[in-house]
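Okay, so subunit A shows up in both of these, paired with subunit B first and subunit C after.
Let's look at the complex of A and B:
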């Protein structure tokens, strides 16, 4: 199994490396929104002194850390997998004795992630000098605690996206469903603004959804904003949602593959 | 007249193409409404926490959202689908057929694909602008509204010209699939007044990828912040950039050598 993963890694790394120009464009595309939100909220905080307790530095550090967490926990499975179900090229992968989604696609995502993080590092330091955030609230313990939380969040997010991508077995085209899912993340993950500034209704719903684990929870962990109790609660939620998404994905995948009609074969 | 006939022919073909995917069209309209809901919600979240954003009120931001959606509709309804077709035609040489036709090739490349259902977005955008202008209060005069419309058109023309230059580069580089990604990537910066951005970002969205020229600048005209000299300057820049773009397009066409033959 280790050897298989190693080979898959070599292939996928080479494949992603080949598209590094695309990768830079992707990175640019994905950087713009957080920077704009940062600019909007800091400009408000500058005028008013603070927004509901959030100072200019609170917003700056929030979005600067968000850039890192979002990059680690997000995935591109919809773009790299959905078309294989649509045009039938999944057939070749299905006859291999390994799970197409949980080995090849997963390794491909991690390779992509490694490369974008390599691209993000210099950009992040440029932004650091442009915005000059004060990271004094960050502790080593918080950073160390956030790592397993982000790994769990990545797997949860990956399994959920993989399940949604697998809906293509029924509907062929899944991009619309995915767009809706993307909107849910935007609304409930803390991507737009720290969740405590969201309307109360949204904050209440957020508690019952996994999306805050993708961004808000790890960001707050790193920034040292959570109490011991909140940290434990977050970890419990992380494990629960990881379990739920694993079961959900397995169920969708098993029923989906049965319906697979190998278009074009 | 000839041009209008061609346009209506393109439109008909594209309506037929859209009707082949009716369910898709309905879903797309629903998604579009969902995003409008999100955009309005995000504005309400911002204005729950402040009275003004960079000196602008919520009415003005709703109007800005309308202008943004106008430019964005041009991007999605024309620029994306036609870029895709254009890139393909350079690679496989089907650009030959476009050039052979007795019509301005830039016109053909701009309008041969139209995402038809997006037309309704234009109505939505107009509604947003009207509502926003009304909400922003009584200081706007008819003159301000006229300059606003004028500058929205010139700003859009500047972005269109930039697009022509970007895709014309494909004549030289052949494989240049990312030619419009940079335009698309910075698009979101048009949602908020560029005056709240840090200087470096403002420079990028005003001078390099001039999204703000088509969004923030017309709104500033509506607020009566622009002097007549500035307004003339933007009109002159848009005419000049369109002229330069068509020159570059022609130079690119001379460069084109076909793919298969």
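Let's look at the complex of A and C:
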């Protein structure tokens, strides 16, 4: 299995390098919205002094950490896989004795992440010198705790997106379903607005949804904003949602493959 | 010993969405979809023993590829069953997948953007092929297919025939016991076709592998297969020896003629005129094989011939004529 992963990595890494321009465009697209939110919220906070207790520095540190967490926990499976189901190019992968989604597609995503994270580094430092944030609340313990949380979040997010991508076995318009899912992430992950600024009712709900695990939870962990109790609860939710998404993906995949029609090739 | 491949009452019906043109129909289709059942394969039965090479023939849309896709596990049937090497193919048991191969089209196992060599190494890992065995198999494949010059180029820069060679080779690296080949020689030049045929015959002899192949070229089939299965409109029409088949099908040839002056001469008195849209310059006459020499010399004597060719009719036409009546 190790050799399979190693060779998959070599192939996918080489493949990703082929598409440098695509990669840069993607990174820009991915960075634009958080940077806009950062700019908008900091200017509002500047005028009003703070927004419900969130100061300019709070917003700056929140969004600058968010840029990193988002890069680590997000995935592009819908763009790299759904078309294969639709145009039949999945056929070649489906009859290989390894799981197409949980091996090749997963490694492909990780290869893509590695490259976008490399691209994020200079952008992040430019922002750092522009906004000069104060990161004094960040602790080593928080950073260390956030790493397994983000790894879990990446897998949970990957499995949920993979399940939605697998709906392509049923419908040719899977992209609009994914757009809706993406809107839920935007709203409930803490990307659009830090969740503490949401109405209390929504905050209560988001605690039990998987979306905040992708962004809000690791960001707050790194920034040292969570109590021991909140950290524990976050970890419990991370494992619960990982389990749920694994079961959900497996169920969708199993039933989807039965419907595969191997058109084209 | 049980047969390597056994198929019982295997059926596949596709549901194809159907809608008439026009705005009204589009709106109605949004609320209520209409589906048409297309019976691609209907209750097909056959058994293939270990080591057999069987030609799977039929016109376009007859259900050949659908059957191959079911036997390789890509498609779930809507009825009936199949057993290959003791496995039910569409359960996609990894052990089954490691002991068979499906070669289909030119974009299957090779990654488009990277050199073929990388895809070969990836497949070595996926199929758990030990290094020494891999080297041995690769050497054999290279001798027969001349792969080495192709290995370093990105697959997208290879020609159709070169890609096909690589696809076949990469599909055989793990020395499968069962081979499903859908048009394995398509896109190859004559010598390439001959080489693939030679290779498959050799592979079958050496390993005792079971091969089921479809082809548009009668030459593939006559060179490799002693047994033929014909399906037409999803139904099994013939299963037996290739020699018995030729008695059933009256053999005929196509004579293609370009006249030097004009096309005003009536050729229908020499044989049946056949339409060919791809080659409008030429007029085609279909004649019985035994009459070819007589009619050709008559044509040459009677008419101002600019160019003349004699060829076998396409395999589809032969089957269409034999089984459609």
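As a convention for this text, the second predicted complex is superposed on the first by the 263 of 265 C-alpha atoms of A that agree within 3 Å, B and C clash if a C-alpha of one lies under 4 Å from a C-alpha of the other, contacts with A are read in each partner's own complex, and residues count from 1 in each chain.
Note that contacts are C-beta pairs under 8 Å (C-beta built on N, C-alpha and C of every residue); 3 or more make two chains touch, one makes a residue touch a chain.
Because the structure is a prediction, the values reported are computed rather than measured.
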Which term applies to subunit B and subunit C once both are placed on subunit A by superposition, clash or fit? fit
Is A:176 contacted by the first partner subunit B, the second partner subunit C, both or neither? first
Touch test for A:204: subunit B only (first), subunit C only (second), both, or neither? neither
Touching partner for A:255 - first (subunit B), second (subunit C), both, neither: neither
Give one of first, second, both or neither to describe whether A:35 is in contact with subunit B, with subunit C, with both, or with none. first
Once the structures are superposed on A, label A:232 by its partner contacts, choosing first (subunit B), second (subunit C), both or neither. neither
Where does A:96 make contact in the superposed view: on subunit B (first), on subunit C (second), on both, or on neither? second
Return first, second, both or neither, reflecting whether A:44 touches subunit B, subunit C, both chains, or no partner chain. first
By the touch definition at the top of the document, which applies to A:8: first (subunit B), second (subunit C), both, or neither? second
Taking the superposition as given, tell me the minimum C-alpha spacing from subunit B to subunit C, whole angstrom. 5
The subunit A residues in contact with subunit B across the complex are 21-22, 25, 28-29, 32-33, 35-36, 39-40, 43-44, 47-48, 51-52, 130-131, 173, 176, 179-180, 183, 186-187, 192-193, 197-199
Write out the stretch or stretches of subunit C touching subunit A in their complex. 14, 69, 72-76, 90, 92, 94-95, 97-98, 102, 104-105, 107-109, 111, 113-114, 118-119, 121-127
Residues on subunit B engaged by subunit A in the complex (per definition of touch): 24, 27-28, 31, 34-35, 38, 41-42, 45-46, 48-50, 52-54, 177-178, 181-182, 184-186, 188-189, 191-192, 196-198, 200-201
Given the complex, residues on subunit A that touch subunit C span 3-4, 6-8, 10-11, 14-15, 18-19, 89, 91-92, 94-98, 257-262, 265
